[in-house]
Each structure stands twice: as C-alpha cells, then as structure tokens.
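Note that the chains take the letters A, B, C, D, E and F in the order they are written out, and that residue 1 is the start of every chain.
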Amino acid sequence: MFRHQKQLQFEVKVDRPDPMLARQVQEVLGGQFGEMTVMMQYLFQGFNCRGEEKYKDMLMDIGTEEIGHVEMLCSLISQLLDGASPEDQAEAAKDPQIAAIMGGVNPQHLLVSGLGGLPTNSNGVPWNGAYIVASGNLLADMRSNLHAESQGRLQVARLYHMTTDEGVRATFRKMLARDRYHQYQWMAAIAELEEKNGVVVPASFPPEAEKEAQPQAYEFWNLSEGSESSEGLWATGSAPDGSGEFVYIQEPVAKGQVPNPSIPSDKLHHDLDLTKLTSKE
Amino acid sequence: MFRHQKQLQFEVKVDRPDPMLARQVQEVLGGQFGEMTVMMQYLFQGFNCRGEEKYKDMLMDIGTEEIGHVEMLCSLISQLLDGASPEDQAEAAKDPQIAAIMGGVNPQHLLVSGLGGLPTNSNGVPWNGAYIVASGNLLADMRSNLHAESQGRLQVARLYHMTTDEGVRATFRKMLARDRYHQYQWMAAIAELEEKNGVVVPASFPPEAEKEAQPQAYEFWNLSEGSESSEGLWATGSAPDGSGEFVYIQEPVAKGQVPNPSIPSDKLHHDLDLTKLTSKE
Amino acid sequence: MFRHQKQLQFEVKVDRPDPMLARQVQEVLGGQFGEMTVMMQYLFQGFNCRGEEKYKDMLMDIGTEEIGHVEMLCSLISQLLDGASPEDQAEAAKDPQIAAIMGGVNPQHLLVSGLGGLPTNSNGVPWNGAYIVASGNLLADMRSNLHAESQGRLQVARLYHMTTDEGVRATFRKMLARDRYHQYQWMAAIAELEEKNGVVVPASFPPEAEKEAQPQAYEFWNLSEGSESSEGLWATGSAPDGSGEFVYIQEPVAKGQVPNPSIPSDKLHHDLDLTKLTSKE
Amino acid sequence: MFRHQKQLQFEVKVDRPDPMLARQVQEVLGGQFGEMTVMMQYLFQGFNCRGEEKYKDMLMDIGTEEIGHVEMLCSLISQLLDGASPEDQAEAAKDPQIAAIMGGVNPQHLLVSGLGGLPTNSNGVPWNGAYIVASGNLLADMRSNLHAESQGRLQVARLYHMTTDEGVRATFRKMLARDRYHQYQWMAAIAELEEKNGVVVPASFPPEAEKEAQPQAYEFWNLSEGSESSEGLWATGSAPDGSGEFVYIQEPVAKGQVPNPSIPSDKLHHDLDLTKLTSKE
Amino acid sequence: MFRHQKQLQFEVKVDRPDPMLARQVQEVLGGQFGEMTVMMQYLFQGFNCRGEEKYKDMLMDIGTEEIGHVEMLCSLISQLLDGASPEDQAEAAKDPQIAAIMGGVNPQHLLVSGLGGLPTNSNGVPWNGAYIVASGNLLADMRSNLHAESQGRLQVARLYHMTTDEGVRATFRKMLARDRYHQYQWMAAIAELEEKNGVVVPASFPPEAEKEAQPQAYEFWNLSEGSESSEGLWATGSAPDGSGEFVYIQEPVAKGQVPNPSIPSDKLHHDLDLTKLTSKE
Amino acid sequence: MFRHQKQLQFEVKVDRPDPMLARQVQEVLGGQFGEMTVMMQYLFQGFNCRGEEKYKDMLMDIGTEEIGHVEMLCSLISQLLDGASPEDQAEAAKDPQIAAIMGGVNPQHLLVSGLGGLPTNSNGVPWNGAYIVASGNLLADMRSNLHAESQGRLQVARLYHMTTDEGVRATFRKMLARDRYHQYQWMAAIAELEEKNGVVVPASFPPEAEKEAQPQAYEFWNLSEGSESSEGLWATGSAPDGSGEFVYIQEPVAKGQVPNPSIPSDKLHHDLDLTKLTSKE
C-alpha cells in the first residue's frame, strides 16, 4: 500500500513559462525512457519479485521514488505552460514570433490537458506498457534498469541546453544527479549478481547445455565488408567469463540449408501450383 | 548496400509440425526482445553511427547477421505450421484435442499469413519501432544491446522447455550460443568505452556540472518500509567510479515545495473559481 | 443498412484557409474524444444492442448522425488546407512567417492526404478502437457517452478561441449546440436507467452479494497527507442510493498480508536461490 | 512524494493456481478500464489539478490507493500462476486437458514475465496513455472517473463467475465493494459541481454564446428508420437544466451545402483535371 | 448526411453458436483488411475527394454500403456468441472440451463487450487509422482499394473452411460475391484512370523529370544469389507503358559513396572523440 | 544469410542541412508507405514464400535492395541534421526564424536519436508491423506491393517540392526512378499471375462456389444520393473476366432481416429486462 505527502521530493521552480520547452520535456515524462517508464518498470519488477527480500525492497524503494519524479515533471510542465491560451493561435497570423511558438507547441497541451502534463512523449505518442520489462530474472532486468537510466540521463543532459532558465536548469541538475546515482545503483546490483551466478543471462542455461553449438558462442562473423571490427575487444582475447577465446571469422560461410517449404492445403487459397501439393489433406 | 545468399546461416529442421509452438516462437521473432528488435536496433545504430569506423563496422556486421536470424525464425515457424489448415477449426467441435490445439493457435497464422511468420509477438501485437533505440551515445546504446540479448536469450531458454522436438531444440541451442556470444560482445564493447570515458552516461555531463545537486548522486532513499535494501552494494561503500560514498537515507524527508499552480485563462474552459484567476489575460 | 445524401447536415464555410488550424482541428476529428470516437462508439453500441428497441433505435439515430459529423469535419479541414502546397516548405528558409506556419502544419496533410482530413489526432497519432466501448450494460455505456460528449464539447470550446474566422466559428457554434444536446440526451437516458435499476453499475451485483466486504463500500481512505478531502460530499453523509453512510478513514491501516510468492520452476531460468524452490517439479 | 508499506491494502489469497484465469484477470489490471487506468488517471488529474485544494487532495487520496490496487492484482496473478512451467506446453501433445489449458494461457506469462503480472490486457495488448484523461475541467474528468469505475466494476462482476475459487472470489468481492464506493464518490463530486456550475460541460461556454445555433441544442434527429427512439426522456420534455424543450425531428432535412472543394496545386501530384485548377499558384 | 434503415443488407442467420469462430471472424471485422478498414477508407476517400463528381459519388456509394457490412458482421458475431457465459470458464477445470473452447475464446467477448463484436482483430489488437489511406491521388488509392478487397476476400475464403455451419457459410458466400464485385469495380476504375493518365503513380512526375536517373527506372538488380528472378516478365521485355526496355543487372555494383557523417556538437552528449568535431559550435 | 558492403547503392549528398526537411523525410523512411515498409514487406513475403523459386528469388532481390534504401534515407536525414544542436531551442526566444525552425523540427532528432534517422513517420509515430502483409497468396501480395510503391512514389514526388536543394533533389530523382521501376515490376508480375489464374483473388474460390449469391457479384448499389456513379466502367458493361454483366441498382432494397438478438445470461451483468431472458442457463 502507498501513501502520498504533499511536498515534492525536490523543489521545482521555473523562472518564466516556455510552452515550446514544455513539449520537449514530455520526452522525459512519457517517452520511451521517461519517468513513467522507470516508475512502472521498477514497480512491476518489485510487485512481481519472488525470492530474496533485499531486491524486492530495493525495487520498491526506487519505484516509489519514481512516482514522485512523475509528479515533479508534471509540476515542471504545468509551470512552463502557465499563461498559455488558445487565443495565442488566433494571434499567430499577425505575429511571426507567436506563430513560431504555436508551431512548436504541443496542441494537446491547450486542447486536451488544459495546461497539464500528458502521458505521452515529445511528439504526442502515448506511453505504453511495451516500454517496460519485468522478466523474473534479476540480472536481465537490472541490465534493463541500468540502460533505462543511461538513456534517461542522456536525454535530460540534452534538454539542459534547450533552455537558459536557471530554475529549469536547477531542476534538471537534480535529475541528472539522481540519474547518476541510479546508474551507480544498478551497476552495484549487477556486479553482485554477476559475481554470484556468472555474467551470461540466464546463467541456468550454461555452456555445456549448448553442446554441439559451442563454437558459435565465440565467433565474430564479419558480414559487413571491411575488417575494422576486428580491432575491438569483442574480436580478440577471451570471453569475459574466461570460458573460451574469441575467433574472428574473416570470410564467413553459411552453414544452413536452402529452405524449401512445402505447398500448403488448398483451403488456404494460395495461388501456387497445386500439383506440387505436399501438405496433409 | 546489402546482398542475400540463399542458404540460411544455420540449419533449421523441425522433426514434426506443432502449430501451438509456432505461436509461442513468435515472441522471439516479433516481440519486444525478438530478432526483429535486435536486427532493426543494430542496423539503425550502424546507419546513424558517426565517428570511429570500428564501431560502425561492428554494428553493421552484427546487424547484417540478425537479418538472417529473422529469416531463420520465419523458416522455423513455417515448418512448425506445415500442414495446418482452416478445416482444423471446423473439426474442433468433434475432437477435444483438436479443439485444444485450435485454442492455442494464432488465428492469423491461418487467416492472415497463410502459414508464415508474422511481424508480431506471441499474442499477435505488431512489432513497433519504439522497441529500439539508437541514441548516438555508444555506451548508452551498447547497454541497450547487452540488455536486449539478455532478455532474448532468457526467452529462448524458456521456449527450449516448451518442446521435446530435437530438431527445434538444436536450432534453439544455436540461438542460445549466438546470444551468449552477443552478450560477450557487448560486455567487451562496454568495458572498452567505460575504460575510456567513465561509467556514467553521458560522461560529458560530469559530476562537477551538477554543482549544488551533488549529494543527490550518492543517496539511497528508503521510501519503502523495511530496510532490507540497506544490505546491497548500492547502499554501502563507494560509487563504482570512486567519486563518492553511498549514503543510506533511512528516514527520507521531502525537500520540495507543495505545488500551487495558477488558475489558467478562462479560454481553457475549466470550472475553477475565476475570481482566483492569475494567468495572463 | 445505410444511405447517404450529398448535403452536409449543417453548412461548413471557411472565410480563409489556415493550415495550422487544420492541424488542431484534427483533435476533434480523430482524437480520443473526436467525432470518429462518438461515431464508432454509438454504432457499435447500437449494432450490439440486445433487448429494448427504444435504446437500440436511439443509438442508431445518433450514431448515424455522427457519421455526418465526421463528414463535416473533413470538409472543414479540406477548406482550411485549400491552397497549401509542398512548395511552402521550400520557401520557409526565406520567410519567418512561412517557416512558422510550416512548423505548425501537420506534414501528413501535405505528404499523405493531399489536403484532406486524416484519421488521426492533432499530433498525428492514428485513431484506434481502444478509444471506444460497447459493454452490453446500458448504464455503463451511457455514462461513457455523456463523458465523451463532455470532453468533446470542452475541446471544441477551446478550439473556438484559436481562430477569429467567423465561418469557422459558426461551424463550431453548431457543434457546441449539438454537443450540448447530446449531453442532455445521455443525462436523460441515465436518469431513466438509474431510476429503474439503481445508481451503481452493475446493479445486478447488489450490496448483499458483497457480504463481508460491505464496510469497504463506504470508506474514504485518506492516503494523501492533509485532510482537505474530508470537505466534499464524498466524505460525509449518505451514499446516493441511501444504502449506507460514508466514513472518512483519517488514518488508514493496511489490512492485507505481506506478499511472499514462491520460487518458480528452474525451467523459467530466473536467478533466484533454487535451494528455496517451492514450485511443482 | 510517495511512500510504500509492505502490507497489501487487503488480503489476496488464492486457494489454488489457475493460469487460464490469470490471463483473464489481466483485463482488470492492464485493460482499458483496469486498475492501471484508474491509477494513472487519478494521479495525472491530481498532479495537474489547479485551484481548490479539496479536489486535488481527494484525487491524490484515491490515486494513491489505486497504486496499491495494481499491487494487489499483481499479487493475485502471481498466485494464479504459481507452479506453471514452460514444460507444460511440451506435455500438451499428450494430454488434451493440458493442451486446453496451454491454449488458454497467455504465452507471455511464461516467456516474458516469468509468472508475474503484465502491463497488458487479457489479449496481451499493452496498456497505453490514451486510455486516460486529465483535462483540467473537473466536471468532465469526474464523469470520466465515474464511467471508468462503472466499466471496471462490470468487468470484475463478470470475472467473478469465471471461478469458484473462494480465495479469488473474496478478493473480487472487496474490489466490487471498493468500486461501488468509488462510483458513489464520483457521483457525489459530480453532484456538487453540477450544483455550482450547471450540468453542461463546459459551463463557461453558455447557451447564449451559441447564438444562432440555439435550436440545435434541443433537437433529436430521427436518422434511423422507426421512431421507437421517441419514447425516451431525451425526446420529450425539458432539458435537465430547464433551458429549453426537446423537439423530436421525425423527418430531418439536411441544412448544409453539397461540398465542392477546389482542385489543389499540381505540386501535390493528384490526378485530377488540372484545367479546373483553382488553388493558388 | 446519412440515414439508417433497420434491415440488414443481406440476411445473417447462424445455425448454432460457436464462440471460437466468433474470435476468428473478428479478423474480417476489425483486422488490417476487415470491413472497418474498407468502410473508413472509402468514406475518407469520398469525404476528401476533390474534382470529378463521379468518383466521389461512387466512393460514397460503396463507403455507405460498407458501414452496413460492419453492421452485418456485428450481427454475425453476436449470434455466434449467443448463450456464452463467464461461468463456462469456471467449468473448464472439469471438462477438457469446455476448457479447449475457453482457450480459443476471446476473453474480451465475455468481459468487455458482453457478447458483441469488438473493434479489434482476431488477436484482440484494436483497429487503427493507419490501416487506411486517402491520398488525394485517385489511381494510388484505387490500387489500395483493389488490394484491400483482395486480402479481405482471401481471408473470408479461409474462414469459410473453419465452419460447416450452413447459415454462416451462406453469409460468407454473400460476402465473397460482394468482394468479387468490389474487385471488379476497382479494376474498372483503375483501367479508366490508367487509360487517361498512364500507369505510373503519380503520372504528373513523368520520366523526363527524372532526367539523369532514367536508367534506374528499367533495371532489375539481382541482389539475391541465383538468377531465377530473371525468368519473370519484370526482367525482360518492355515496361508496361512502352517507355523503355528492362535490363537484368546480373552483377550489380554499388554506385554511392561510403557515408562519413560529421561529429556533432558536444551538447548532444555523445561519447565520440571531440578532437574530430566538425559541427557548428 | 545477408552481407553488407560499405558503399551506398546510390550517392546521397546534401548541399546544406535543413532540420525541418529532415522531419518531413521521416515519412518516407518510417511512415505507412516508407522504405521500412517495403523492406519488411518484401523480406517477409520472400522468407515465407512457398513454391515457385522465381517469385521467392525476385522477392529476395528487391527486399535486399530495400534494406539499402533504408540505409540511404538514414544517411540523407543525418546530413540534413548536421550541425543541429539543443542550444538552438534556447536561442529561439530571441530569433523568430530560429523559433520557427525549432517549431518544425522533430524534437526526437535532438533528444532521442542524436541527429540520426528514427523508425517513425513525419509525426513521430513509430513504424509498426501492421503496415505490412505477406499472405501466402502471390496475386494479393503483389497488388499490395504495387500499391505501396504507388503511395511511396507519390510521397517522394510531393517531398521533391519541399526543397530547392539540388543534392537532395538528385537523391529524390533516383528514388522516383527506382519507384517507377518497382511499379513496372509488380505490374508485370500481376499480369503474369492474372493470366494464369484469373483476375479475382483468390481464384481458388471460383464464381460457381458462390452459388446462390451470384447476382451480388455484379451489382452496383447506389446508396449515395445522385447517380453520377453510373457513368463509370464499374457500372456498365462486362466484368473484366467476362463472367457476367454489371447491373446498376438505382434504388437498392435491403434484403436482410431486422436483427433481434437474444438477452444474454445474467452472469454478464447487463441491465436488460431479465424476464425476456432467452439464453442458456
């Protein structure tokens, strides 16, 4: 069960409204890697967590914090929209600067939300549940979490240069600092899990279970012309878990068959030559 | 520019058809972490790559390989569907086993694709471009790649137990081995980039730029009852880059204001008390 | 079966084109609460209606009217786009006013529809079937209808201030008047149904069937700090159907267990401690 | 800012697992009118609320409660899935009952979430932000809330008959009771707002502003053959706010023009007769 | 403006209910090529049609007919669902045949629509506006229409074998006959337009406007190993409009550059080597 | 299996960056009829192709070429975005021309992709798998292919006028020429298939199988007022396959019943009159 307190986690104060910026900020609220994503992802991982309590408790701590980040971004967007009005569009015909702003404004901030944050990205595409994952494999999921915080912080860093408003920038700096911590947090969790079970997900399907397919676990196939790719650590040396040596396949040769699927039943109403029919009838 | 050769990368042979399994396999073809995702993600990262050629070349090598994996999975699904017919449904009324199979079959394999693979997941939800990312920050993207290969291999490992067909299992073992290599590959690339620029994304927004927000980069906020979360490496010791010490905030206190947004213009047709109107008019 | 007559239901005449406004008007054509939504919602409710003919007939009357409203909005948008051309974008580099307009134009009005209305909202997101509902419970659905007309009229009212074009405004006034009637219409239908069956949906799962859960039907849980919420009619007095008295729970206490889910089968390839395995094997 | 406590709001205990039911329960977790919808809708309405504190506080109370309802449903689904394994599918070939169950199971519960709840509906379609609304008009939004609770309770009532498991039914009874209260709650709020501002949304665009379009606000257009629709309260008597009398238009006549749009610029590459070109060049 | 009459266009009578078939029939109601698609596509093409009245009138004739086809399919699905009940699921545990049926039933037919048709496909994915097109180019759009009727008739032909119910089959035969006419209809319209303007869309960007790119308009590039593709009419002989001769490029050579994009501004927070920075600062 | 070579198929050189144009070009990369669509459509048709090798080989030739077209468009978009920076937005407040450009820029080109192409359309809507079809019926699918190339070439022709940049225009001319060839190609394939099997899809459900529904295959129903539609080839003369004569139904009469569905089980919790209950109990 959850509880809410009225204060925001951190102060969010905007020096002056900027409705174009409000549109861009939507990306880090309702975009692929926005706060709604990390909030829902951590909550679902926490709700579904089975086993050791320390992971579940940690996921609930941070998932709960992220609900408050969605709250903070709604407050930020509301402030950036303060004073905007549908009448601005009617005036756009007379004034290029207002027209320009209207061009860059999200029409739904005026028409749909009445100057509030929307559960959508910077192009108005609704947030959806396929942005998140909670797989029941902790290492897989924490790699997702580290990744989400990386993309999220990258986007906030880019947003930072879209304004010179010191109030907005102060808010972004706090988000950048929290996102830095959250990257540290998932790195630490990942290190702990890799230490325990090994670096490959899932550890429970180990190399020996792959049997005859073993060589394929160490080969780099050079399928794009040029061999600049041979210069990376992925092409030479040992696998990170020391289980084998990488092999750079300079001239890869296909090992499979040429597919030759059978002609299906005429009840599928294809237009293939039925004299070659091979399916059950 | 690309070229195609007729042989599959690896052999794909199914011992006997299994249309229910064909539905499940769609998850690793057109699902959130299926082969379409890694194919399109690596290709877009490669197409958009600016700067050092070895990363671009490597992304094109693996992106090109993944097109062939989509091809292999379509071949697998086609074989699992061999001999299926719309008439099976008409017979379901008479035979519980056939009825059960029809219940578990993707109707679109009969009605829409005529026994071929679909660009959708195991529930028929179409693949979409919001599954992928190509951000222009190599470390962020390679974390995404490592994550995608982790979830992908996890799903194949789960699928492995859904069949006892040795032909299908042999194909899955090759996929598991390749996904293991691809995890190694991204780990190696990540290690190289972290070594060069530091572990936080983006490195170019460094701790000192966060100024007064610095403390927030090391604090764990215990917002869920209980303190089991204090037992992890994320709660004690140093940040992975040694830039500071973690602090476990046992009783976190909100630091922000209570939001108090202004009443908007009456042209937004809210039903708030206009005598409190504070917006521009 | 349906028939079409060439005249529009009401006159739609635009004084002068305004391609930016055309983009905004898309919200009330193909948005969440646009005319496509009420058209498809009423038609599906009517097509699926079982039982008393007067509801079905009424739904078909209004659903049929709404097809004509989609037609009117397409005519409105076409007129707002009259004379727009792809060349405008080429000229944007020279003229800030044209650049501003191009920034605010929906590119698909030029590239995709060739100056016609699109089945999308003001941000170009396609209309989809999950905007509507036809549940087979009349009271539930008519509450949806009242709600849709409320949001729809609100958006038209906001749009009204986005233009000073008297032709456009006259069209909007007719839409506002019709949306007012449609609100009256659903209120009347709701009143009739509530009178007959009671105010709670579904009436056929009555209070007594909830047995031991009865207290929960009258409690307001104060889960957000502060008790301003105690001042509303929802917190004091009787339920609208007089079945009980509201109770304001000032300090709510959780009544459930701490969840403790079992460790699943190792075939799911989690990374939990298998020595704690509790699932079937 | 939010906090979490480990106990669920109400007890959720399942007598025995039922993976097919787990799939159906997804509808009230991640469907159009599931708990994710009311949670996100109330939170966004609360976050964006401007003006009187009692509404904002009330929205935050109930939005915060609903986060806990998502938590409860994840717990319910996890328990219904306990013991399920990918191996079940491999055994389906031998046993019609197991095959039938596999046909009815959501494959993503095995492959994607590892026996946890998913942010999707009963057909696996991801939850998305276009299910919710926060418009800044309180009366419009509370009508949406009443509607959402009506559809939600209807679906739980239907689910109730899908099982005879007393543990599951006890959970559903609590949800039915809470959803009854929530309907009461929004009815009370609506009554208060209608009392203050009138019954039409938005009240701030009043009848007199519609001027010449006034008659259209009271006419029922009989556009579907038959006049059973004349028997309802929407066709006779006065508008609910007494502003006028309804008129049943038995034989409606179209009042608009036949649209005659101009031929666009040849730069749009239509294939119309350019000799009729009327657009600007 | 539209009108509705109570009779269906054709009789729809089902001999006995079949809820599994109801799920499959959803594909031709709300799928990519279902009746909702042709209805909305023809209506939007008609609403947006500029120029010669005979095309607009024809589009409105058939678009109006298709609304009635959606109506017919809703009636068909309602009849197939007659008598289904949520209790069936509760009985599935006891009876494999009922379990099998429940596995194959769309849960939303019970939970969401209360035994009515849904605006979704056979997997429950909502219909969306991106299934349709109305481009303002008649030839392009009529090719789309011919295509949609081709896929639609193919799916109905496949559905035909999924049942032996003579009532259902009689309905399908009428749909097959209508879809045959509609294919004829679009073929005739296409022939007329090709005769007038030429076979390439858009005709208004003629070969001479392509200037130096001319050779590319006649070359088949053999980019997949093997030259079986040289055996088709696309590889030899003349273009259908006689404007040139096809050339089969047996060994295609890439003609473009190796892309070498510049390093962007450091404000984008990539992790490329900034010493190679070439973008504006 | 696939291979990549570093050179683009054709040269892509932009004279000067134009970030607004980059947004518009997204339509032909990731829109409904963009290069991602034809690439994925031809590849899926090729992967799933059963039967005659010449079609499969041809589909793989062109599908492989289209991967390279996606590559070319990413290169084009990257060049159009060269030098763009988040700082531009901060400067928009001062300069109307920059503000106008920012209004017209896709914010995700700055925030999400770091100046690279996105798998989305010109409004930022993600590409999805429901844009494509591979049905297993060659004639149906090749009609889709002809249609896709028609819409695609139309959009490029419109884009052509959005710029005066000769580098961009030269790229577009090559695309226009290739899209012309691809239209020829599918016309040739269609002609071959129609010659072999007849013009109606699917040919395997022939007129005689429609039995009593035959008349419906030749009737034009005049459901929209006015009879301009009688002037087209679809209304008079013979069907293209000579199987019958068209009949123009000037005053169409509905032939079906008035639907009268039964009242469902009370377990569905409708609010209909249960005394009229007709469903099984």
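Observations, loosely collected:
The rule is simple: contacts are C-beta pairs under 8 Å (C-beta built on N, C-alpha and C of every residue); 3 or more make two chains touch, one makes a residue touch a chain.
Not measured: the values here are computed from a predicted model.
When the contact pairs of D-E are set against those of D-F, A-C or A-B, over half line up by residue number only for A-C. C-beta contact counts were set side by side for A-E and B-D; B-D has more. We define each chain's centre as the mean of its Cα atoms; on that basis subunit C and subunit F are separated by 28 Å. Chain centres here are Cα means. That of subunit B falls 31 Å from that of subunit C. Centre-to-centre separation of subunit E and subunit F, using mean CA positions: 8 Å. Counting partners per residue, subunit D has 1-9, 32, 50, 60-61, 63-65, 75, 78, 85-87, 96, 99-100, 102-104, 110, 112, 114-115, 120, 123-126, 128, 130, 133, 135-137, 139, 154, 157-158, 160-161, 201-202, 204-205, 223-224, 226, 254, 256, 261-262, 264, 267-270 as the residues that reach two or more other chains. Residues of subunit A that touch subunit C in their complex: 1-6, 48-52, 85-87, 89-90, 92-93, 96, 99-100, 102-104, 106-108, 110-112, 114, 120, 123-126, 136-139, 193, 196-197, 201-205.
The touching residues of subunit F, when paired with subunit E in their complex, are 5-13, 32-33, 46, 53-58, 60-65, 72, 75, 78-79, 82-87, 110, 114-115, 125, 128, 130-131, 133, 135, 137, 139-140, 143-144, 146-147, 149-151, 153-154, 157, 160, 170, 173-174, 176-178, 180-181, 183-189, 191-192, 199-202, 204-205, 207, 209-224, 226-229, 231-234, 239-241, 246, 254-259, 261-262, 264-265, 267-268, 270, 279-280. Residues of subunit E touching subunit B in their complex: 18, 20-21, 23-24, 27, 31-32, 96-97, 99-105, 121-125, 155, 158-164, 223-226, 254, 256, 261-264, 266, 268-273, 276. Residues 154, 157-158, 161, 267-269 of subunit D touch subunit F in their complex.
Subunit B meets subunit F in the complex at residues 1-9, 30, 36, 40, 43-44, 47-48, 50, 60-61, 63-65, 67-68, 70-71, 74-75, 78, 112-120, 126-130, 132-137.
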